[in-house]
Every structure is written in structure tokens, then in C-alpha cells.
Amino acid sequence: MNQGIYTVKSNRALNGSYYEMRLQGDTSSVTAPGQFINIKLDGFFLRRPISLCDWDGQSLTILYKVVGAGTEVMAELRPGQTLDVLCGLGNGFQTGGSERMPLLLGGGAGIAPLYGLAKALLRQGKQPAAILAFNTAAEIFYSREFEALGLPVRVATADGSAGIKGFVTDALAGVDYDYFYTCGPMPMYRAIERSVTTSGQYSFEERMGCGFGACMGCSCMTKNGSKRVCKDGPVFLREEIIW
Amino acid sequence: MNQGIYTVKSNRALNGSYYEMRLQGDTSSVTAPGQFINIKLDGFFLRRPISLCDWDGQSLTILYKVVGAGTEVMAELRPGQTLDVLCGLGNGFQTGGSERMPLLLGGGAGIAPLYGLAKALLRQGKQPAAILAFNTAAEIFYSREFEALGLPVRVATADGSAGIKGFVTDALAGVDYDYFYTCGPMPMYRAIERSVTTSGQYSFEERMGCGFGACMGCSCMTKNGSKRVCKDGPVFLREEIIW
Amino acid sequence: MVDTRVVLNGVTLDNPVIPASGTFGYGHEFAELYDINCLGTFSFKGTTLSPRFGNPTPRIAECTGGMINAVGLQNPGVAKVISEELPRLRTYFHKPVVANVSGFSVGEYAETCRLLDACPEVGWLEVNVSCPNVHGGGMGFGTSPEMAAAVTRAVKAVTTKPVWLKLTPNVTDIVSIAKACEDAGADGISLINTLLGMRIDLKTRKPVIANKMGGLSGSAVKPIALRMVYQVYEAVKVPVIGMGGVSSAEDVLEMMLAGATAVQVGAANLVNPFACRDIIKKLPCVMEKYGVEKLTDIIGGAHNG
Amino acid sequence: MVDTRVVLNGVTLDNPVIPASGTFGYGHEFAELYDINCLGTFSFKGTTLSPRFGNPTPRIAECTGGMINAVGLQNPGVAKVISEELPRLRTYFHKPVVANVSGFSVGEYAETCRLLDACPEVGWLEVNVSCPNVHGGGMGFGTSPEMAAAVTRAVKAVTTKPVWLKLTPNVTDIVSIAKACEDAGADGISLINTLLGMRIDLKTRKPVIANKMGGLSGSAVKPIALRMVYQVYEAVKVPVIGMGGVSSAEDVLEMMLAGATAVQVGAANLVNPFACRDIIKKLPCVMEKYGVEKLTDIIGGAHNG
């Protein structure tokens, strides 16, 4: 983890109420996709945790949905403005395993960290596939960016207005996979837990005090005892999760 | 009184820790020199009351000293930034009297409202003179602006590094006047009260809750009963003040 | 069209927004700025039997997300309020007003209320047993159930108007005090008054407030206010009038979900003189955003389930 | 060169800055970020006799100028603290530490303190009779002078280390409780713990915190903390350890002028992990700005004259 002042390079509306922001600054503390950053915004006491979508040596990308006062302020930020950011938080996805065909299951804002994950898996010579789930066609974002990485992408919409009608799990049919990674809302996780048969990893969200393991604000109980979503997670192995 | 969003036109350091800021916006509620504005600053709960130094149909000038966190933020403002301002607050100086040669006695930041007052008195065909008091030569500001109005200006410095050595009252000798107006710190007022012989008007400061007469935060007792510095003042007649 | 009306002791208010006592004077300064008949009603400046100048200045200190005041119940006294303020009020406000009353003895509370009971402009009596800014004064009455009940009974005996008891948050157990007031006949519970606080000036090394301490209010206290409204709502049947840090239409909904039937706005009026008008304007739109059709539907809504 | 040292129960601290319990874990996460030996000392996470998972999540809610937490004393239990945390602590922190202790009965407090009394790493015991987040738990002990005194006596009987009682601000009369602790043998009074508060989510119409309520802390509570430190300083002779909303070197001076001998920093550590290091770095410069040569000179300075 490091703390720094990051400069907004771009900040653009995607579909729905999703935005993409690129920040310039120190990324040396980033070790894995699925990690997150924690953003201080003027006028708010707590920071806002947002997953790393992508990063290189001196910049990073986040995708965020406007859901409240803080993300509203983020959507107004202009290139050149600066932000106090804690970077490289949490343990991200573990990608060193022997699986060959990992499946990425993303829902809504949960799609963000899967993009960096897909890149990492491709770099390791694996053959990931992605299923991206949205509420409706007008919300679809980043499916093109995933495709551009050169992996098979299926889109599902809850209302059937684009891609496969239904949830992420309704798009599983005929997909070959030997492992899964997922990030998205709780109802999606429950559906996945009922449908998938392989091992895998889930990324969790929790209201956070600090984001770096100091306050015990984000604890969850696992089969290996109490864990902090921010520091020991946000990604947990399917095997250790207590539902 | 009116509330509006005002745009910073310029904001420059004068001597000492004094600054001059010009704001563009509605000045229609201004009725007299000695009135003040109340400025909302991001990150602070209460507004900051600052005297009107000068104004025209669509802009106004304030002079302020950096003394704390709020005025520090003000000093950082750049042209084009906007401020939520309550304008035209309080009763200012009363200038309709029969005096011919009013004397303006200003100390430090208290010099600000005397500038607009001098202009008003000159417009009325009166012959004002001004004594401007500072701690030291390096703090002197706006004496040239006063001179440019075409009135006699004496400068006093407490340490004698410029002008007359001493307080505003040490510069009274040989000045002819039939009325006085003053704005400055309390010790200066006490010296004036001991030295002057004519009628006159004092402008007071008090910590304010609202600045427009609603909260009774700024009350003072006068010979005419309790008054609100913000609404019934900040200027009071010598005759009504209880010291 | 959403419905913003609420009912307080049988009287229907157009909306639940009520400027809080001490931040709205007797309405005059605000009536110069906008038509204050848009308000649900308002609670006028804490009024006592005799005129009071209040505390020495400075009476105000700034805090993060709030302010301290130590005005000390400056008011012209009930006689002048009745002879001068209320007749003037009639010219610009055409709804029943909340008469906020303070006192230094049970008898004084009762006598002031008795005098105001005769005023047709007054719709409710809000009895402040909670002002932290007067020595030996109001706050003592609000820190014990027995004293708060004694004041309630004395006031109820002299008026037929609905009586709200306004409580101090500076107590260990707000619920027992609220219940004591209800048992003694209170028709409503207003909370919270200010929290006793202080600031120190680093330059002078002295308290900023001449009186040393004063009452903290503003957004900073909202979580404490919400908690107390929530607790008291569960304990009493009379309406709770919630306040403490409300400055937006969202805050009004949050306070009502906690259990408030109406919501007062205090310090926010001082920073933004149009605060209450703005809240009332935005209320329908915020109600729609959160799927609220009738405002009365959500009173105490956070207690369900 | 200004002198930032202060003395607490005979032990000289390099400076008065102490991370507050529950916001600094057992130091580990911060030791990874900076050399925490720059601290005066720190108060470790509230420790109980048995391990505790704490409350269900969400445990955190944001507020204006502060936050609510309802962690509920999650900790590994005193045995593991002694066998694992303290040995690890020794590798990165070389000063006596403050052991913060909670309990659910007088006996539990005493037993936990007795076990910690044997640890050379522990310089002080800070007995938390004020946690608002555990049912029938800590806060009950802190709301009555008698119970607070009983806990004090029981702890004092089993330890020779200095004992501070950490008090809750959710009381009518903080002074009587502080005095009762002093009379029972307390060597210091820590205040304030958090103020009971709540937030409601407008979308779900439910309390944000799973436990409904939690403890408010952060800048928002500073005026209340300053007031209580000021009041207690006048009433007791033992040192007051002040906290509540401190986030800058200026705040440290303000708290000391109110009467604090040392100053704890809580929620600020969560938002800025370097908060305490930054405060300590800026302290000399801010002392010079306000003409303070020796920090001990200003303790209680706002009470003069």
C-alpha cells in the first residue's frame, strides 16, 4: 500500500451511470488484479473504495457507478484535478494456479476488476472467457474492451434487451471452464454458488472504515476464522467462504 | 440583502498579510459604505463576514487579512472560481449629516470600509481626510488608493518605520475635522474615545452566527437597548455606544 | 403528485419543515427574504417571562460541521412578544406558530405559557427544558425525569393548546425523560436541543465563547439526533418532532424514517437563510427519488422488520 | 528547540500523541507504513478475556465530519494477545504500550488486567467502561459512578501498573463519574469514547449499521470532547488523556489547553494512516507559531484567569 496524490487524466461517462476514470500516480504497490484503491473526496469523512480495473507503470484505471453523494462528486472531476489516494489495497485475485480455462463472471460494477484479471491471465498463457451481466442493454459497458483483449465474451441482460436473457448463470450453458473468478452483487453470488462446479474465487464488498486492516470494520467469518475484507480480501477462495 | 454566486475577478496580495479581492455579482442590495458581505467557504460551517471596500453596478472589492483557516482559503482563490455570498448586510455608515470635514480613522483591516466611505463623502461634496494606521511600514496598503481619490492621507505606524510614529490618535495633531468615522481594533477605539471631541461613528466586529439578524449571536448593549452588530450595526453612533 | 402533508396534534401542516427556535427569530428577518407561509410552521425564539439580554459575547464559535452558540435566551420577554411580535407576525405569517418557552422555575414556565395560551397565533407550546446556556436554568429541568414531568404538568394545567417538551441530548437516558413527559401529559416531544461543547482559541489560549461553553448544533450532531429520535419514537405514542443537523430534504426523510412526525431545521438557517424554502422546494423530488408517495407513510419506517 | 515531551504517571513520552484504541490494531498495519516508534505510545485494540468476533456487518457508517462504528470489540482474546500480539509488537515497537481492556463483568475486567499486568510491554492499563457497541456490556459500567468505581477498584487490586479509566460521553454528568474513578484509585482518566449515534439508509429505509446504532467519532465530536476534558480537568488531580476528533497538531494544542496531559487520535488514523506521524512532525512548528516552548506549560492553560 502507498498513499499519494494522483492526477485525473480522464474521466468519462460510459453507459448507464457508469464512469471510467484514469489517474496518474504511483502504482508500484499494486501486486494483483482485484486489489482496490481508496479515494479521499473533499467534503466526505471516509474514503471511497474502488477496484483497480487496469494499471501500468504510472497510471491506473477505475470504473465506477454513481450511486450516492461520493460517486456523484467523482463524476464531476475534471482532468488535472488531484485526489488523495491509498493505492494497492487488499489481496487481489490469486492467478498462479494450474487451471487452463478460467471463467470470469462479472455483474455491474463488479466487471471492473475482471478486466485487469483477464489481462493477467492472458499474460500467463491461460485461456480465460468472460460473462458480463447487466440489467439492460443501455447499461452495457466495457464488453468491447474485454473483446479487444482477445477472449470470448458473453453478455447477459436481466431484461433480455441484449445478449442472453437472464443472469450471469443463465449464460453458463456450453461454456467450458475449469475455474472461476467472480465479482458482482450478492444475489449473483448465490446463483453462482448453486450453478458452478469448479473451484473459484469471489470478491466481496463491505462498508469500510480504513481499508487497510486497522479498524475491524469489515470483518467476515470464514472457515479459516475471522478475516478482514479489506486486508485479507476482498477476494476469497470458494472453499473458505461461509455463506 | 441578497444571496448570490459571485465570481472571483482578481485576488492579489497587498503588503503584510493583506489581500484584495474583486468579485463580480449582484450589488443591488448595497445601500451604504460600511456594509459587509458574508462569504461561504468550502469546508467551513459558518460564513466569513468581510466589509465592502468598494463596489459598482456589477462588482465589489474587499480587503482582507489572513488570520486563520478561512482567510487562508480565501487567499488561495483564483480568478474564475465562484463563491456563495450574502451581500449588502448591515447598516453602514450614515453620511447624510451636515458635517463638512469628516475625518476617517482606520486601523489595519478596518481601513477597508473607509475607502468606499471616502468615495461617498467626496461624491457628497464633503472634504474628508484620512489617517491610516499600521503596525509597521511593511504592512502599509491602500494609502496610495486613498490618495488617488484626492483626499489628504496621513499614515501612522506603531513602530515609526513610516509616517508618524504611534497610533492613529498620535496623528491627530493639526488635523481639522468636524466629525469622524472609524473602523479598526478595540484598543484604537479606546484611544480615539479619549482623544476626539466631535460626534462620530464606530464600526464594530463580533463573532457572527448568521450576519442577518436571526440568531442574536452578535448582540451588544447600547444606550438605546440591545442591538445586533450584524443587522442594526456594524456601525454605531458615538452617542449610543456603552464602552 | 406526492403528498408532503403531516398532522401534528390534529393540525395538518402543508409539509413537515419547521425552522427551529432561536434560528428564525420571530420570523421577521426571513419574511423579508421569502414568503414564509411556505413553511409547515415555525418555532419562535425561546421566550421567557422577563426580558433577557442573554450572555456576554462572543456567543458563537465555529466547529467542523457545526457551530456552538451561547446566546443565553436573549428575548424581549413574553409581554412584548405578545404586544409587539405576534401582531407583527400576523401581517406576514398566516399559520399557527410554535411558541418556544423557557423558564427558571416551574412557576415561570407555567406563567409564560398561560400568557401565550391566550394568543390565537400560537398553535403549539414548545417547552424548552434543555437550554445549556443559562445557569441554574433550563437544562437542569431536562436532565431528570421528575423535573421534566413537573414542568409538563404545570404547563398542561394552564393551557388547552398542545404542549411539546423539548429535551436536551446531554443525558444518559433520553427515553426515561421522554416517557416521564408523556406520562405527565405532553402532546409531543421535540428533540434534540444542542450538545454542550466548547472551543479554545489557540492565540488567546482562552475559550472562544465568553461563557466558556455553549451548545453545539449543525450537521455534526445529526447522528446523535437520529439515534435519540429513534429511541424515543419506540418509547412514546405522542409525535416526535425531530431536529439536529437537518439541512436537506434527504435529512428530512432520514429524520422521519427514524420516527419524526415533523422536522425542525436550526443552524442551517443561519448559514443559508433560504435553507427551509430550499428544502421544501426539493422535498417532492427527493420523495419521488426514494419512492415515497405520502410522507406520513415513512414516519418511523426504519423500525420495521 | 521546542520541548514536546509530556509525563504520564512518571513515564516521559517523547510527545503526547497516542493512537486511540480500536483505530491502530496492535500496531502491525502501521508499522508496515512508518516507524511507529515516533509515537508517544499507542493504545492497542480493546481486549477482552475471551476472543470476540464482534457485531454483524455493516459496522461502519459515514457522517458529516465523522463516522459511526459498531465493531463490537472484535479481538483475539487476552491469551492470544499475550502469546502472539505482544511478542510480535516487541519486534517493531520499543516503548511501553497502553493496554486497552474491556469486559462484561467486574471479574472479567480484573482477570484480563491481571494477565496483562505480567507483560513487560504494557506501560498502562486503559480500562474501557464505555463501549457503546456491546449489549449489557461496557457502557453500563461507565454510566454510573458506582459501577465505574467498582471496576476501578477491582482492577487496581490486581495490578501495579498505572490504570486509566476510559469514560463514555453518553452521560448527564461526566464529572461525577470521573471523580468516582479517581477516588477509587484511577491513575488517569481517558475521554471521550464514542457518542451513540445512528444513520438510516434512504434506499433500504433501514439503519445503515446492522446493529442499528454505533459510536460516533471524528472531528464532529471534538467540541464535546473538549468540553468534557475541560470539566474533568477541573475536578480531578490525575492526568486526563484527551481524545475525540483530534486530527491535527492544532487540535493537540487545543486539547491540552483544555486540560489533557496526552492526546489520543482515533478515527483520523483510518482516513489518513499517516495521521499520527504527520501530527508529530508538525507539532514543533505549530508550537512555535503559538509561542509554546514546553508543551507541558500549556496543559490546562485555558483555565487560567
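In order of appearance the chains are A, B, C and D, and numbering begins at 1 in each one.
Assume contacts are C-beta pairs under 8 Å (C-beta built on N, C-alpha and C of every residue); 3 or more make two chains touch, one makes a residue touch a chain.
Nothing here was measured: the structure is a model prediction, and the numbers come from that model.
Participant: State the smallest step count from chain A to chain B, taking one step as a move to a touching chain.
Facilitator: The fewest steps needed to get from chain A to chain B is 1.
Participant: Quick check on the contact graph: shortest path length from chain C to chain D, in steps?
Facilitator: 1
Participant: State, to the nearest whole Å, the distance from the C-alpha centre of chain A to the C-alpha centre of chain C.
Facilitator: 46
Participant: Quick one: report the Å distance separating chain B from chain C, using the average Cα coordinate of each chain.
Facilitator: That gives a centre separation of 36 Å.
Participant: Please output the residue numbers of chain C that touch at least 2 other chains, ranges allowed.
Facilitator: 61, 63-66, 219
Participant: Viewed as a graph of touching chains, is the assembly arranged as a line, ring, star, complete set, or other?
Facilitator: Shape of the chain contacts: a ring, since each chain touches exactly two and the loop closes.
Participant: Between which chains is there touch?
Facilitator: A-B, A-D, B-C, C-D
Participant: Enumerate the contact residues on chain A facing chain D in the complex.
Facilitator: 1, 3, 40, 44-47, 86, 206-210, 212-221, 226, 231
Participant: Tell me, which parts of chain C touch chain B in their complex?
Facilitator: Contacts found on chain C: 22-25, 29-30, 32-33, 45, 53-54, 57-67, 69, 71, 74, 208, 218-219, 267, 269-274.
Participant: Going by the contact rule at the top, pick out the chain B residues touching chain A in the complex.
Facilitator: Chain B residues touching chain A: 42-43.
Participant: Taking the touch rule as given, give the residues of chain C at its contact with chain D in the complex, in rising order.
Facilitator: Listed in rising order, the residues are 61, 63-66, 68, 143, 170-172, 195-200, 202-203, 205-207, 212-213, 216, 219-224, 226-227, 230, 245, 250, 253-254, 257-258, 290, 298, 301-302, 304-305.
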